[in-house]
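The first chain written gets the first letter, and so on, giving A, B, C, D, E, F and G; residue counts start at 1 in each chain.
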Amino acid sequence: MDIELVKFMFILTVMSLYLNFAITLYGVVAKVNLVKKLIALTILQDTVNVFTVLIGYRLWRPGLILQPPALTDMNPTPEIIKDFVERSVDPLPQAFVLTAIVIGLAVTLFLTTIVLHVNYHFKTVNVDEIGGMKRRYIHEEAV
Amino acid sequence: MKFLDELAGTSLHASNLIKAIVLRIMGWSLMIDLESWVLTYLTLLMIPYFIAFLLYLVRILKGPTLSDRVLAVDALGYDLAAFMTMLTILVRSPIIIVCSVVLILWIFSLDIYVAKYLEAKELGG
Amino acid sequence: MMDYVDLVFLMMGITAVISVSFTFLAVKTKDLMHAVIFSSVQSIAYALVYFLLMAPDIVLVYVAVSVGIYPLILILVVKRVGRFEVTA
Amino acid sequence: MASLLEWTLVLVGQALITVGVFCDLVASISMLRFPNFYTRLHAATVGSIGGAFVPIVGVALVAAGSEFLGVYRWFLSGASLVIAFVELLLAGAGSHALARATHRSRAAPVQPVIVDQLEEDRGKGEV
Amino acid sequence: MNDLSVGLTTVLPTVVAFLLPLLTLRFKSRALYASITTATTLAVWLLTLVNFMKVFKGEVLTYAFGGWPPPLGIVYVVDMLNGVLGFLAATLFLLASVYTFWYFGRIESGHEWLSTLTLVLLSGVLGCLYTGDLFNFFVMLEVLSISSYALVAFFRRRKWAIEASMAYSFIGALATMLFFFGVIFIYASFGTVNMADLITKAHAIPELGSNPLERWSGTCPGSWCYGNVFISSALAIAFMLWALNFEAGIFPNNYWMPSAYAESPTPASALFAGIVDKVGTYGVLRLFITVFTAYGSTLMFSVGGFPFRDFVLIVLSTLGLVTGYLGALLMFPQRNVKRLLTYSTISHIGIIFTAFSAFLSHVSPEASAEALAGVMLHMVTHAFGEFLLFVGLGTLSVVVGSTNLARMSGLRGRYPLLIASIILGFLSLLGVIPLAGFFSKYVIFTALINAGLPVHGISIVLISGISALGYFKVIYTLMVSEGSGVTPRETRLYIPTGITVLLAALLIILGVLLTQSSFINPLMEHSRELMSVNGLLKYVDAVNNLSTLLGGA
Amino acid sequence: MKRLFKSLIPTLLSFLIYVIYTGSLRVYDIVTGLVVAAVVGALTSSLIIEDWRKSLDVRRLAHLLKFAVRYFLIDEVRAHMLVIKLGLSPKLGLRPAIVKMPIKTRNDYGITLVSLSITNTPGTVVVDLNKEKGNIYVHWIYATTTVPEESYREVSEVFDEYALRIFE
Amino acid sequence: MLRDIIFVTLLIIIALALSYLTYLGGLGDLPPQDIRLIARSYLNLTYNQGVNWLWAASPEAVTAIVWDYRGLDTLFETVVFYGAILAALTVFRGVSKLPDRIVSVGLSVVVKRTMAIVTLAILTVAASTALHGHLTPGGGFQGGAIASVAPLLLIVVFGKQLFVEKKVSYNKLLTLRNASLGLLSLSTVALLIYGLATNEIGYIFQNQAKALSTLSYPSHMLDVPLGGTLFFLNVFEFLAVTSGFTLVFTLLLSSEEVILKEFEGEEYGY
């Protein structure tokens, strides 16, 4: 195996994730359409999650086959467990991501209901227009 | 060559011939390691598969209509699922096959959603 | 002779780069339906990355959530909101 | 040591996978070359049946023959067969649903086409 | 050692929240929902009371879930800082659920959902306060946020309620995601998310030495653990602070607060202003006085000869100053009472953040401890005052059918007790002498002066002075203005009046107690300990002992 | 009793899928598989089975198997060859057409079998169908004829006959 | 436009700064040479009978972490999901009680029939994923997410009318979801309650026997490791997630007409 290529590709992956992070952050903050914001937010969540799992990866060495963190032997001897520890990837980030994905899904479900309601009430999902209406409303309330 | 010599040495009786061939093939199978054979072959096949994915991606980028894109995503998804099953053998962890099961099950849903979007007035109707 | 370890990393890198272009398209496209499709392609790319990172547990949830459920709710919203992003 | 049966399974499986790879490449090329959505549907069918169903069955055979994968190779093999079964049903239904919806909503141009009897019948109010 | 009273606080409301909707299918009685909520919050209140009594005696309570030794499992750690806040939270939730007995008669529908969401919010708040694990903090922050979003959108036919929830939830989701991103940097570089473990890895204090936690998560020699710990702690703190500042409502992130607090149902807005915004503040405090302290933590690396931690604290306290002035200035023109109260909350949170400047590394430990005591006291007095005002004015809004201040004039003859306690609450927030609000502000003020930060100290007085305008506007309307001709819908307000009077009495009693040195001295003692290395050691030792005990042979 | 018979085939199918998917025959798998199959079978039986007498007919199953073998070995291969040839030929010689074809089967499952078979062979895709009149509209990439009856014989007659035998 | 330019430059700066700090070593070696020590501890302990006061009795480390070592996270993750559905029910309250007069047409008969057969396969695969969560990758939420594809696609393919015909009502779904959540939380505190009753030490979320506590769930069932609570938690989570998804999507996919009717008028309350 070519260690230079492997390192380059791994760092390329990390950089791509940072780029995705920046693009979606732009999408969430600067886009005026709520649906666009929603799409960007879901991608942002996914990017953070992929990044997390990437942290728990490890370099393959010749003669070492990586495996997912699941033991395939039902009656393991200490040697098998030792081998398993040497070969498995980090399970903790995976557990974090599992939690984070569900949380992201829950938040997105809620945001969907809210976007639908915004559409029912304001007949638009453009935050600039809604902001304009709100400024007028607050002005009326304050006077 | 040696094989033919052996054959010539024996009388050309049909049962003997079959026996010899079977023995010979078993001998080969002892000589070549099945593991490295499978893995090398699959490693070589990965590359055309990946090229096919890139071509599908070009179609997704070009469009031009919604249906074209969905269709390309669909084909990409099915092929990716097949690709994942091969990769499962390649990385020698059979239990990660479950991934392609879910991929197969869910890629189809995109078709249905878009079809419903195009066809009906209400998504729940 | 190419080792398959290289191949795994190569695929990971290429997939990540592909995902950047699709993220960009998903954020930029004016047609929201096309944006949904692009974001689901991006999700498939991430699913492949998860697969290569040996995280089958996550792929099980991730594919279901972001290839199956996000498109449904996004298409549902787009159906009610209107397909094209209107810029004021 | 690998027995004759295992070699047979592996070789047949690999043959199927090779066919699958070929179909897949052809499908992706046709997907680019074909002129409109309806013709591309056929390329997608090549991709999903020849390019996915066949190699998945091949993988099931290879896995059944590869002893080095451990006990869980039967899991791999069985799950592959389930995938193949489900895929056979879903790919067709998906293409059909998409084609029908596209034709009904006129989302994609039907041209070039020699004859469109569906459009004619729809004009007569028969569909 | 393993205190069940700590562990049950979050699990109990969760179990009840799971089971409550089942009852709603059978029984349609509002009183039943309110009594179940009240009974649950009462039980939680008793548990937090027990915790508070113990931590006041100087113990640090821990609970390891599942019996796992700490860095492997999740551990709850309660010291003085979160013990006080936990007790405060449970008290406010208890009062809010008592208030719902009255309030449920005044809304059309959704009583069962209001009860359930309140219970979910309770477990979210207590989980955020008690947890000793950063990832668990993120999860609990999400529990808190999602129930808050739902409560803001409770009146779903009112379009501004939906808009407020939209503004809150979109940026809230982004903020919590960034918090998670920060936690990931911590894990990547330190290899742990447990706070006690993180403390030992992030500090180079010889007393911390070797500890049982390292058996599971390894040691961290010098600047390189699994990555460069300085860089990653700086990155992590940047992301996490943004999220926490959003929850607390500090300057660039405070635009969602007025609408959200004004549009949510009264008990919910009272809870938001009382305790939910304190959770963000608590998070910042925990990060700066326990996890990344001035005693040689990884955040103390110098940037141009200046410790990075001080730099962050200066930014925070400057933002706090801006927030304080902004809230005070914007309070006056408001006609909507709830919106006015929200701006008051914003300005008080600004005051609390201003006090963080006393935690700079060159300030004397004495002044820092005094500032911490002031911050804790101010959190309590502000929570009581703001809760009282939201409940009182919210009740009046329900009664007159509007949140407009002008409609509330001329009610003083009708509800004298309620109005009187509301005015006491305002005076306490303003900082008038016999009331508790004065003493908390005074402690912060003297601490800032002692710390050599006169600008910050005087700003607190100025902010109070500016906000006095807004407060007196309300007091004037309630006390002096003649009636606007609105006939109130109700005559008897036993429950709301009882709650407001109770809180007003509490504010007076607390004010009187704070003049006694026998009451103020233990508090100062506790905050001195929290700010010192001793407090750090105590926190770590509690977790260490638990780990040794549960780790077995 | 009727419900039991009705859910027999779904239960068996579910159990089969469960065992194949699990890929092992430990006691745990068999026990959980039986429980899951019973529940899933009971839940989906009303969706899947229309007439339980037909579903328990072994001869129909035999026809189905015969059809499957024929379909994969002959029809699929032929269709694939055609489309691959079209896709790779330097000059795309397409003759796309949407052709109406009358089919004989009226049963839901019969129509499904015919349509899926046609769609899954490359070169022909069912675009729409009219259940009452028994017309299916097929997009055909290389239409040799546009007359409904002739194209029926070309494309769907085989499938239709098997569908009649299996489901009618 | 100016706003866009400002944001773009800001974000490019953020991306560059992140990249530079990563280059300086904020994340350690890329790719990491080895996993972190705490991960080694988890992998070592998860199915190590030699350390049976610290094992999770599950060969699947991720499920063991998710439901045992860090079970509290997952319980509250479930609460977040529950809260999101609760929020949807709160803002859609009233819609579930109105009769939905949507006319169901659905997609073509081919898709309907295929969907009916595939539903069976999906449910079976999902149940297997959930029931083998402690042995192979998978678990309660994974199974639930796979299973929920069935009701979602059934609604989209057949139309909402199907659920009315099959008598899958709001109340039934709510009961199923909350009952399974209740059982889930009960199985997390079961050993604590048992311990309190018999005056022994028990913990919230206890699974196997610990250093100070002898209480334990069974570690094996029939001929496979069971993982104690993991099995029960997976099953209940599976039921809760499936019914929760079905509940929220039946609400979200109600026809627009009905929802708009529910939103007529201004709401009283402060």
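Methods note: contacts are C-beta pairs under 8 Å (C-beta built on N, C-alpha and C of every residue); 3 or more make two chains touch, one makes a residue touch a chain.
Keep in mind that what you see is a predicted model, and the values were worked out from it rather than measured.
With chains reduced to the mean position of their C-alpha atoms, the one farthest from chain F is E. More contacting C-beta pairs link the chains of A-E than the other of the two pairs D-G and A-E. Here the CA centre of chain C is 32 Å from the CA centre of chain F.
Distance between chain B and chain C, defined via averaged C-alpha coordinates, is recorded as 23 Å.
Averaged C-alpha coordinates put the centre of chain A at 40 Å from the centre of chain F.
For chain F, residues touching at least two other chains, in rising order: 17, 21-22, 115-116, 126, 128. In chain G, the positions touching at least two other chains are 18, 27, 29, 32, 36, 38, 42, 62, 70, 73, 77, 80, 83-84, 87, 91-92, 107-108, 110-111, 114, 117, 121, 125, 129, 136-138, 141, 146, 149, 152, 156, 224, 252-253, 256, 263. Residue numbers of chain D whose C-beta contacts span two or more other chains: 27, 29, 41, 43, 70-72, 75-76, 79, 82, 85-86, 89-93, 95-97, 100-101, 104.
All chain pairs that touch, listed by label, are A-B, A-C, A-D, A-E, A-G, B-C, B-D, B-G, C-G, D-F, D-G, E-G, F-G.
Looking at the complex, you find that chain G touches chain D at residues 107-108, 110-111, 114-115, 117-118, 121, 125, 136.
Chain A contributes residues 25, 28-29, 34, 37, 41, 44-45, 48, 51-52, 55, 92-93, 96, 99-100, 103-104, 106-108, 110-111, 114-115, 117-118, 121-122, 130, 134, 137, 141-142 to its touches with chain E in the complex.
Residues of chain G that touch chain B in their complex: 102-107, 111, 122, 125, 129, 136-138, 146, 149, 152-153, 155-157, 159-160, 253-256. Contact residues on chain B toward chain D in their complex (touch as defined above): 22, 25-26, 29-30, 34-35, 37-38, 41-42, 45, 48-49, 51-53, 55-56, 58-59, 65-68, 70-72, 74-75, 78-79, 81-82, 85-86, 88-89, 92, 94-95, 97-98, 100-101, 104-105, 108, 111-112, 114-119. Against chain G, in their complex, chain D makes its touches with residues 72, 75, 82, 85-86, 89-90, 92-93, 96-97, 100-101.
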